[in-house]
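Read through the structure below, which is laid out as structure tokens, and then see the notes.
Here the chain labels run A, B, C and D in written order, and each chain numbers its own residues starting at 1.
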Amino acid sequence: MIIVLKQNIDTKSREYQRLERHIRNSPNIELLVYDFQGTERLLTEVLLIGNTAALSIDEIRSFPGVDHVIRVSEVYRILGRHKDDTRPNNFTYNGVTFSQDNLNVFAGLCAVDSAESVEAMMKALQEHGQVCTRMGAYKPRTSPYSFQGNGKNCLPYVFELAGKYGIKVIAMEVTHESHVEEITEALEATGKPTGVMLQIGTRNTQNFELLKIVGRQLEFPVLLKRGFGITLDESLHAAEYLASEGNQKVIFGLRGMKTNIGDPHRNIVDFAHIPVVKRLTRMPVCIDPSHSVGSRSRSSDKILDIMHVTAQGVIAGANMILVDFHPDPSKALVDGPQALRLDELGPFLEDVRIVREAFEKRLALFEGLN
Amino acid sequence: MIIVLKQNIDTKSREYQRLERHIRNSPNIELLVYDFQGTERLLTEVLLIGNTAALSIDEIRSFPGVDHVIRVSEVYRILGRHKDDTRPNNFTYNGVTFSQDNLNVFAGLCAVDSAESVEAMMKALQEHGQVCTRMGAYKPRTSPYSFQGNGKNCLPYVFELAGKYGIKVIAMEVTHESHVEEITEALEATGKPTGVMLQIGTRNTQNFELLKIVGRQLEFPVLLKRGFGITLDESLHAAEYLASEGNQKVIFGLRGMKTNIGDPHRNIVDFAHIPVVKRLTRMPVCIDPSHSVGSRSRSSDKILDIMHVTAQGVIAGANMILVDFHPDPSKALVDGPQALRLDELGPFLEDVRIVREAFEKRLALFEGLN
Amino acid sequence: MIIVLKQNIDTKSREYQRLERHIRNSPNIELLVYDFQGTERLLTEVLLIGNTAALSIDEIRSFPGVDHVIRVSEVYRILGRHKDDTRPNNFTYNGVTFSQDNLNVFAGLCAVDSAESVEAMMKALQEHGQVCTRMGAYKPRTSPYSFQGNGKNCLPYVFELAGKYGIKVIAMEVTHESHVEEITEALEATGKPTGVMLQIGTRNTQNFELLKIVGRQLEFPVLLKRGFGITLDESLHAAEYLASEGNQKVIFGLRGMKTNIGDPHRNIVDFAHIPVVKRLTRMPVCIDPSHSVGSRSRSSDKILDIMHVTAQGVIAGANMILVDFHPDPSKALVDGPQALRLDELGPFLEDVRIVREAFEKRLALFEGLN
Amino acid sequence: MIIVLKQNIDTKSREYQRLERHIRNSPNIELLVYDFQGTERLLTEVLLIGNTAALSIDEIRSFPGVDHVIRVSEVYRILGRHKDDTRPNNFTYNGVTFSQDNLNVFAGLCAVDSAESVEAMMKALQEHGQVCTRMGAYKPRTSPYSFQGNGKNCLPYVFELAGKYGIKVIAMEVTHESHVEEITEALEATGKPTGVMLQIGTRNTQNFELLKIVGRQLEFPVLLKRGFGITLDESLHAAEYLASEGNQKVIFGLRGMKTNIGDPHRNIVDFAHIPVVKRLTRMPVCIDPSHSVGSRSRSSDKILDIMHVTAQGVIAGANMILVDFHPDPSKALVDGPQALRLDELGPFLEDVRIVREAFEKRLALFEGLN
């Protein structure tokens, strides 16, 4: 059960105190309280776990501080969609809105290799009116003997260049809690010229300790990628680890599933799950066409597979695209074979625009019917 | 090596006789000859298998009856794309053209249950200007105790109704060679009011004996569905069984792969392989959104998952759609839960039209760039 | 529901006629009758499908011709194990008994290439006291351009040599109904010097038409291999196709499942399913270590992986082993890299003996406890 | 390249200094130094990474402090087996030897729930002569709302009871670096009555930051379980993360792979990979039959599937068994349905003994042949 309190009613109020006393009369119920501080108002939700069947929803609704009550199903309690659930499916971070209803493109470097590459990338983004990017500083690699990313050393110039070129949000993978601290420090040291979306990669989808720590900080939104050896259901449960610790600014990322039935693609593209995630949860859905496809192969129609699968994501309602570019793919230190070139950024964005427009026509078609 | 002879040069000509004598001088080479009889001209191709490295392409090109020569790679010799390969990627059957460049919709009944259902379906198709359909008479079922389809008994009324409503091509699964005979007989008995595309299902993708027999008949085109436990490469090899026996009118069907990483969908949708099949072979590519998804679930945007994945296929260049409809899904004998209703046919076709239009804009965008 | 009739009560008897009339009084019930002709007695079983809940088991039991009645669950009606089900888990063919309680080894050629190879193999088998073998005449191959087996041409010498060396049962894959006819004819032409177990391969596990035809003949027992892209449950359902047509002499074969999580083995070995198949059904279980592993790699303990996985099958109660040998693996036309050499036959059998002895000790240990 | 120094030659010695100067003359080579302090002697290995092709092995061998030199392949540099590689495949911890040549059983609680359960378990182990166990204090769970283990609170009584009942090594999963600190502190606080083997679970196989931290400590050996969505090769690479940081006391654990082709087992049992891991690396191999099977189902021979798959592991040379027991499985907080009862410990151990004896007979059989 989730109890949404009235605006600006917090846990110190008399209204809440009375409500809490009432609930604590029933045994075996745990209360988790979440505050969402907007610019003008505070929103507080109380998640009850345990033997809530003993409580009367009507009675709880009648308490003065209560706005409304949602009876949640067992799964995806916080991020899920439940009956009569009108909680929002969006959030705004550093001026950029993330929602199940819009689309943001994060084109950028899989791995930061040099300030020159970063600047070339960000300049190109600004020229095309983009305010988001991806920049990998910490790279988890299969072998300990492979390049592991430039780490915290590259953060200052990445953030400064982001500020210079008007980038508002950088998606950046973290694989350890210390990376969050390093990012926070580097942002402060450079005067917060940009924002960061923390990315949890497929190898860490069930690294629950990392999820808990990242979920406890409320500053950065989090992009959680689907785990490649587990079911969709298990990956959605992992997202709840973030939310149950307090951070509900969560985006769910599809990036292909590892199995040889996807050959010759690097992974089998799983973007058909976009409508599933949007049906089951309130999270915006991101796609990663670069890691799904893993090559620059193009079809007999001369269009890159990466662009075809991007189009497949967008036509079904994807809300975010994470895509690898590089000024010189042949020199990229990680995943060069799948990177697009900077001169392909314009056509890529135009392709996305064409397909998103078609998606909106589809929405309008079915809107009129239901 | 494939030798394409000049128009109307056949194997009885003196030109061919000389060529064959020349080739037979080299040991360990097998010749397979394929004739394609068009309305006005005969086209003959000769496939050489074995130790062709010993032959000089230039020398063979210089023979009078030879139009051009293709050095084929080891895989997908006949249906594959090879260097400097200008063979067509299309064919016409009963007035309907199948090509890597166009799109045909086959909406219809997964399993024929009654003449009433068939008539209602075909009437709706005609009203929407459709000339193709799917009609399952022979149904392979997991359990021997389940309904196995109405078999040959339903063929006469299916064909007559097709004629009545202007249906040109019916996709129909066959699971045994006798079904091809039954279809041929029923078509003749009813005066050939329509055409049939033989469909080989995912359980029989590597039923090589069936493929050989179906490949030997040249009347009906064949839709070969991808096998669910094998790699894409192995399924494409299976298509070569049809072609190597003579029938090159082959369409390759994607229908989802069976694995629990696709849950809650019935199968994991594999339509990202559309550009791959079109790159590797000359076959038009069909998608089966109904069997991929397996349910009428719809997303938070109110659009059915089946329609979303159809859109994903079309936006990436699918050439044929096989989709289940039923006048009353709750009474369908097979796969009712995934069938669309007749009142959804119009919106379905309009949705496909919107997305195909966007695909063509994408083609134009990239056409100008390359 | 299965009604087992008393010995020598057949469907022409007055007892059966009365019983059938009684059953037909209830609507929507289908009767399937199976006769098992032993050397001395006839056993008849009647399988009722449909709305059997309306029937009283006690009433049916009271009919004079009825021996006993089994209320079957929905799945695996004939081959499955049901509550209070005492039907046998074994059968005898050409003097060899196949049972969930014993073990037969079928060492032999994956593909027959020459009479010399066949004779060398059978001579070695006789020297080691073996009376079963495998001999592949019809080989389904991924590519139509690969060697497809020597087919019916090799049958006469294979059968004659079997007779010469005392081989009682040859496991032989069939991929088309005509192969059964060819085998029958060749056996008759050569004076039935041996017996044949028809093998249905993994590509045809759900080739239901072939299963029905093979299930209708009652002479040859059938080895049905598990399908590589489907669940165990679906493969067990496929076995019911054989039994529902009348042939209950069915052995179920595990041969590894195709997925890259099995790398570097050719398939992931699935012999942990031996106890599962024996729990759910009455079929003896065969293992195919050669196709599971697919190579002659050996571990740091110098033992071949093929022998290790054979041991894994035997220690868990496997009842039949299908294993590839060849007099000269480097010259084998199919799957040479996984074949054992003839000088390895002795150690292989000794290894199997050691492990089977341990399995029997395990049986005794737990027998005393339960 | 790995340079093994002579006994008691360390990096401060003149011999090493000369060697290092020589190596540093070549550009682009990184040196990693590993010390192994035995009771009597120090062993030092130097791993060279980078452009080692420029170095002469013979020249390096001629340096006075060098014992021998191993040219390593690109993969599994430290833990792998290489040509002419005589490094050991074993280590001893707290009096217990772990080796590719022996077998240790770790029966115990999947999750510690109470001191009573722990004591009952350990008492039973002592009665059966066992000195190892498994005890889960930190439990990674799919849902954040499930019981997450008793954590550090249970460590004092677990360690004290271990001391009381003569347990030498407890396998215990850690999911965060703080757990290693908590274990270290609790061991010191209780006077080090026992030892701990740190276990990295399948969800953290590619949690490289955790692996690096656990690899840097040299006190506790590490059991690394195979990751369920990745290839065997990738999981073996993950083990190198431990070794490359210094800890070579690594055991590799097979625990089944997550896919529905393993149904009705919880995972598909992958113990056929035992000989593969032993061929490719020097790590002892552990099996986890409980998590592979996931239920107490038993076959028609009355033997539990868990015992059958344990036997399959042992007959192929497994070196360690991790198996769940519980005094009262119905009350276990985690994975109760797969736990064995204490009265089954005796038969379990006897079963293992029978099978290990057969394995040793197999070794002797093949030893004589090669």
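Please note the rule applied: a residue touches a chain if its C-beta (ideal position, glycine included) is under 8 Å from a C-beta of that chain, and two chains touch if they have at least 3 such contacts.
All of these numbers come straight from a predicted model, not from anything done at the bench.
Engineer: When contacts are scored as defined above, which chain pair ends up with more C-beta pairs, B-D or C-D?
Structural biologist: When the contacts at B-D and C-D are counted, C-D has more.
Engineer: State the chain with the largest centre-to-centre distance from chain C, centres being mean CA positions.
Structural biologist: Looking at centroid distances, A is the chain farthest away.
Engineer: Centre to centre, by mean C-alpha position, how many angstrom separate chain B and chain D?
Structural biologist: 52
Engineer: So how far apart, in whole Å, are chain C and chain D when each is placed at the average of its C-alpha atoms?
Structural biologist: Result: the chain centres lie 40 Å from each other.
Engineer: Do you know which chain B residues sit against two or more other chains?
Structural biologist: Answer for chain B, listing residues that touch two or more other chains: 257, 259-260.
Engineer: For a test of understanding, state which residues of chain C touch chain D in their complex under the given definition.
Structural biologist: Within the complex, chain C contacts chain D at residues 81, 89, 100, 231-233, 257, 259-265, 268-276, 278-279, 292-293, 297-303, 305, 307-309, 311-312, 315-317, 347, 350-351, 354-355, 357-359, 361-363, 365-367, 369-370.
Engineer: With touch defined as at the start, can you tell me which chain C residues reach chain A in the complex?
Structural biologist: Result: residues 259-260 of chain C touch chain A.
Engineer: Could you please specify the touching residues of chain C with respect to chain B in the complex?
Structural biologist: Those residues of chain C that touch chain B are 49, 75, 77, 140-145, 175-176, 203-204, 206-210, 212, 227-230, 234, 237-238, 240-241, 244-245, 257-258.
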